[in-house]
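Each in structure tokens, the structures are laid out below.
You will see two complexes here that share chain A, one where it goes with chain B and one where it goes with chain C.
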Partner chain A sequence: MKQLIFRRLLQLVCVVWGVGTLTFVLMRALPGDMAYRIAASRYGQDNVDSQAAALVRNELQLDLPPWLAYWHWLMDLLQFKLGHSLVSGEPVIDSVQHMLGHSLLLAVAGLCLSALIAVPLGLFSAWRGNPLDSVLMGLSSMVRAMPVFVLGVLLLLVFALHWNWFPVAGFGTAMHLVLPALTLAISFAAISNRVVRDSAKQVFGSSFYTFSQVKGLSKWRTFQRHGIRNIALPVVAFLGIQLVSMIEGIVMIESLFSWPGIGHGLAHAIFARDIPVIQGAALAMGALFVLLNTLVDIVCHWIDPRGGMPV
Partner chain B sequence: MRSLFRFIRQMGFGFLASFLVVYGSMSWAASSKENTLSISSAFEFTSLDPSKNGYIYTRMQLLETLLDVNSKGQLVPALASKWKVSEDAKSWRFTLRDKVHFHDGSLMDANAVVKSLTIAKQKHGALRKAPIESIQAIDSKTVEVRLTKPYLLLGAILAHYSNAILAPASYGKKGDVLALSGTGPYQLSLYAPPHKLVVEKNSAYWGKKASIPYVSYLTGHRAESRVMQARSGQADIVFGLAPAALPLLKKLPSLTLYSNSIPRTIALKVNSGHPFLNDVRARQALSLAINRTGIAKSILRIPDSEAEQLLPPSMTDWYLPTISKEPMPLESAQALLASLGWKKNADGVLERDGKTFDLTLITYADRPELTTVATALQAQWNAIGVRTKVNVTNSSAIPMGHQDGSLEVALMARNYGFIANPLGVILSDFGANGGDWGAMNWHNKTMSTLLGSLEHTTDPKKYHQLAQQAAQLIYQQRPMIPVSYYVQQTAVNNRVKGFHFDPFERSFFLNDLEFKSP
Partner chain C sequence: MTFSMKSSQKCGLIILLGLLAFAVLGSWLSPYTISQQDLNAILEPPNAQHWLGTDHFGRSMFTRMAYAVGLSFALGLVCVMTSALLGTFLGVWAAWSGKQVDGVLGVFVNILLALPGLVIVLLLAAIAPGSFLMLYLAISLVQWVEYFRVVRAVTQAVVQSPARQSSQMMGFGRWYQFKRHIWPAIAPSVFTLAAFGGANAILTMASLGFIYVGIQPPLAELGLMTVELFPYYSEAPWLLVQPLVVIALIVFGFHLLAGKRI
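Up next, the complex of A and B:
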């Protein structure tokens, strides 16, 4: 266990450095003058001009050579300082906390809901086989092919406009969470039910599963004893990894439901060339990725300890 | 190592706090649907600083300025009950209103005003560009602004949101804004940038007290989402509705729709120094080739919003009432181009001295209608043989392209009411060297003389005469080509009464609003 934590910590340091450096290089390589971009985001489209850009350039020392700016960033990072947003002037850590907190909440709620949809559907597909399996798979392909934005609008039309059960947009109460989480969950369940179905089909068709029934165990007992763990292994690995892509890939949902998450915040920061916020968000997501990987490995080891502790 | 633990702890507590904030009852728990007016608009806010996001805070009536602007664009008293300009127009004296308190309880006096204005002057904004020599308190109720030269725009500039007056305790040591303690009829209750703002009524307000206890503002990024907020009744007032949604919304008995003209114009900035555009006939031809009626009707879906002139009819000094449309615009455009030596080649593209008439038009997606209008212009100019490449970029590319000379043509939405007196924007757009958002490589001595005179003219008749001459010059020379005027579409739920729209978009007039009794 100690070795695992040590190795993952080392991995974390490498990821943080790598992600930060890559973000720095990519942002500097983008075309356009950073000072103008930042000034446009700071003062608004009506109020951006060359004087505003000159003010920003001077205040933020944007004329510094890239290597010196990189050195300053690296030194700050070593002291665990993420700096201040170039647009709002607020500490990056506050922005990242606010955005990532909301994104995590949405992603976890979406993931739980998607598990509630995908697991029964996947198992049912694998258990009943055709023609139900083909129908459900076709349906999930259809949902997956639909842009998440369209799905969100459909849910809004039904649940917010027609029945008036949930608010259209905003945040602050559990009611505000329902529709964005459901949109995310349905979109995500359309993939994860396939993983569950494939995994279940493989287990249901395996010799050890047949043998357990032949030796006299009931269908439910067989499923409980030999099904759940074996099916869960690839599903847990898939869900764990998907959580991070969910957090970063929900820009449209956040935008549609006015949800202050990191996907939307990151997109805005990129348009504004707000490098400290981009780096802060990327670092937090990189760290989250390592953390989730570690957690998934530990959970997988707990489900199936045969392969030994991962390192 | 200690820093590392502190960092991890901060992040951990931060996430935990965010979760609790969402699930727990928030600080504005006292507000409910019954006592809260909810507003939805497209604008985000990221900073407390009025120089950055002051337009949200003055609209939400948290902040006020020394002078206000009425619907006709005239200056009226606000925090200053009266003001006087010296004979040489180099000194402005403002007498402050009595017994006005900031939201933090402190008294608004001359020192507080001087501090706010001095800080505003150091930041980006119109005040920074004004020829100010000093801002000083004469006594506790009088503030004097001394100028290095006569500058009649000062009143309009002081009415700008970036020059809002805040309590001295709102500022940090370096002039950064730490709290939003203004003097308005509402005070801050919840601040959750970039999306949500809740304000509650200020019972100690000096003027007309608000009737609605709470007002919430939610940024609705997507037009579809804002329409649904209006339809579902979640938002009481929704600004910036897409024209396509209006027919549907008009049918709803719960809503009243308002269409209000605002002094914003969709216009083309033209590089008059470009070899293809340096002759006025080329710019006139491009202007003639634009089917403005089609754009207004089919793209913007606002019939009669087509603009032949830069400034809208509401700005009477700058609007030419006698302009008539060209009866055969396309033929006239082609004739003008032919007179410049352009001939169509086998591909239908204009060619002169072996060079084809190719232009790059840049625009930005902050206002989604601009990209659609840009592609319509592309098709309309292609019809006369001008091959146009549309490049959708960031709005900052326009001032940047102006400065480095790379800009050819840019499509934008220019707000001529940004400063209450349009002369402020005209001066920065058509001054000696043009402007980042105005003329480019267009040098006209008559225009410079006219603008110079307008800066000092106090007589309204003479001002009108000079402004008309300047407008005529812009119309004839076409350093900027207008396309269409803006109309703000707003949906108001019928449970709200007293709504009226500010064409200068300075205020939502929240203290005039009431809920109808059920």
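Up next, the complex of A and C:
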């Protein structure tokens, strides 16, 4: 356990350093005088003269040599001083918190929905076998070929524009959550139902499973005692590998449905070249990624304590 | 080593070759350019002059689609070549050259794996928006790690094998050992990864285009075209369908070509 936490903490440090360095390079690589740009975003385009720029330069110590500035940048990062947005002037940490809440809501809703779709479908196709199995697998291959945003656009066209069942974009009511969560759920379920099916097929065909039925347990009881855990382990482990695609999916879905989450914020900040927000959003996504990975490891251990802590 | 293909793989290859032919012939034969506007003929359905219709500025969709598909394939190809070569070379090196090289490369890989790939690409794309070169570098940087991990794991087993060791003791050089023992063991995995990598590279570029931080207008790119044509869905649904279908076809083709499922 200790080793696991230590490894994940190390990974988190890597994330912070990587994001910090990248955004620092980004800040330096932008054209124009940084002091003028910051002064312009603070006092408005018309009120910037060389005096204001000098004031800003003095206050933020912008004339330091690059390596010293890099050091300060990293030190600020370690103290979670993320600075203020260059566009809205709000503290980055507030907007990131706000966005993170929305992203988590979307992620949890999508994950639950995809489990509701993938687990029954996977179990069903493993239990029934062909021809249902082939049909479902073919269908999931087709859905997998569609990138998340294509899937989202299709759902949007059908459910929001054609039938007017759900709002097109935005947030606020539960209805707004349906389409983004459904998009995430379907794209994720198309990958994971195959894993559920493979895992279930293996367990159903194994000798310990047959034996427990031979010794007189009912079908349901066998599934409950010997099926669930053994099927769940590969599925959860696979989930850990697919987390990347889920986070990428969230970025795309949020942008498509104007869901005010972290991915949407990141895309907007990149478009507006709002570097503190880029840094904050990227940090939050990295941290979320590491956190979810840790959670998956712990759940794997809880399902199957035999193997010891995964390293 | 012979490549024997399953029928599904052949099917994938045919889809991809068909799209490639469309891209090459389309850009070559078309009398229009991708930014040539004709505001008297906007949002036209497919007809004799414009085989796939025209978009909201009256630009020929046939030409733009051909250009976009060509751009996607070009990016996919260079990304796969770069990341496969780099990942394979470093993977073999890490497995074959002792602990120090392995340790140093391991640190790099862990840093790269600590962030989701799309976020790294987004950050790098922010440095130079709309630059094809930056997209190529960023995607290759993210993708070589996959090859590295797989190749390293397989090579480690082969390096320890008696066959390779006796080969070394008989005095064969490193290149011969690589060709005779290591490459046959890693080739199938590298091929599968390359097929998925091609799909992912194209998908990443389309995703970035879709959220407006990738290739910039007036160039034609599949994701960008999706967003541009989305507002005109009710007037001209046949236009929006084109980039969506083509993206799905490309990804499907690569997945079929890969043969295996990851």
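Just a few scattered comments:
Note that the second predicted complex is superposed on the first by the 225 of 311 C-alpha atoms of A that agree within 3 Å, B and C clash if a C-alpha of one lies under 4 Å from a C-alpha of the other, contacts with A are read in each partner's own complex, and residues count from 1 in each chain.
Methods note: a residue touches a chain if its C-beta (ideal position, glycine included) is under 8 Å from a C-beta of that chain, and two chains touch if they have at least 3 such contacts.
Computed from a predicted structure; not experimentally measured.
By the touch criterion stated above, A:Val214 is placed in contact with neither chain B nor chain C. By the touch criterion stated above, A:Leu161 is placed in contact with chain B and with chain C alike. Within the superposed three-chain model, A:Phe257 lies in touch with chain B and out of touch with chain C [touch as defined at top].
By the touch criterion stated above, A:Leu22 is placed in contact with chain C alone, chain B being left untouched.
Of the two partner chains, chain B is the only one that A:Ile93 touches; chain C does not reach it.
More residues of chain A are in touch with B than with the other of chain B and chain C. When the shared chain is aligned, chain C comes close enough to touch A:Ile278, but chain B does not. Contact with chain B, but none with chain C, is seen for A:Asp49 once the two complexes are overlaid on the shared chain.
By the document's definition of touching, of the two partners only chain C reaches A:Phe289; chain B does not. In the superposed pair of complexes, A:Ala145 makes contact with chain C only, with no contact to chain B. On chain A, the surface touched by chain B in one complex and the surface touched by chain C in the other have residues 153, 157, 161, 255-256, 271 in common.
Contacts from chain C toward chain A in the complex involve residues 110-111, 114-120, 122-127, 129, 203, 206-207, 210-213, 223, 226, 230, 233-234, 240, 244, 247-249, 251-252, 255, 261. By the touch criterion given at the top, residues 32-33, 36-37, 39-53, 55, 79-80, 85, 87-90, 93-94, 96-98, 100-102, 104-105, 153, 156-157, 160-161, 164, 167-174, 177, 255-258, 260, 264-265, 268, 271, 284 of chain A touch chain B in their complex.
Against chain A, the residues of chain B that register as touching in their complex are 3-4, 6-7, 10-11, 14-15, 17-19, 21-23, 26, 40, 44, 46-47, 49, 51-53, 55, 124-125, 128-129, 162, 176, 192-196, 218-222, 224-225, 228-229, 231-235, 364, 366-367, 393-397, 399-400, 402-403, 413, 415, 418, 428, 435-437.
By the touch rule above, chain A contacts chain C in their complex via residues 10-12, 14-15, 17-19, 22-23, 25-26, 29, 141-142, 144-150, 153-154, 157, 161, 194, 243-244, 247-248, 251-252, 255-256, 266-267, 270-271, 273, 278, 282, 285-286, 289-290.
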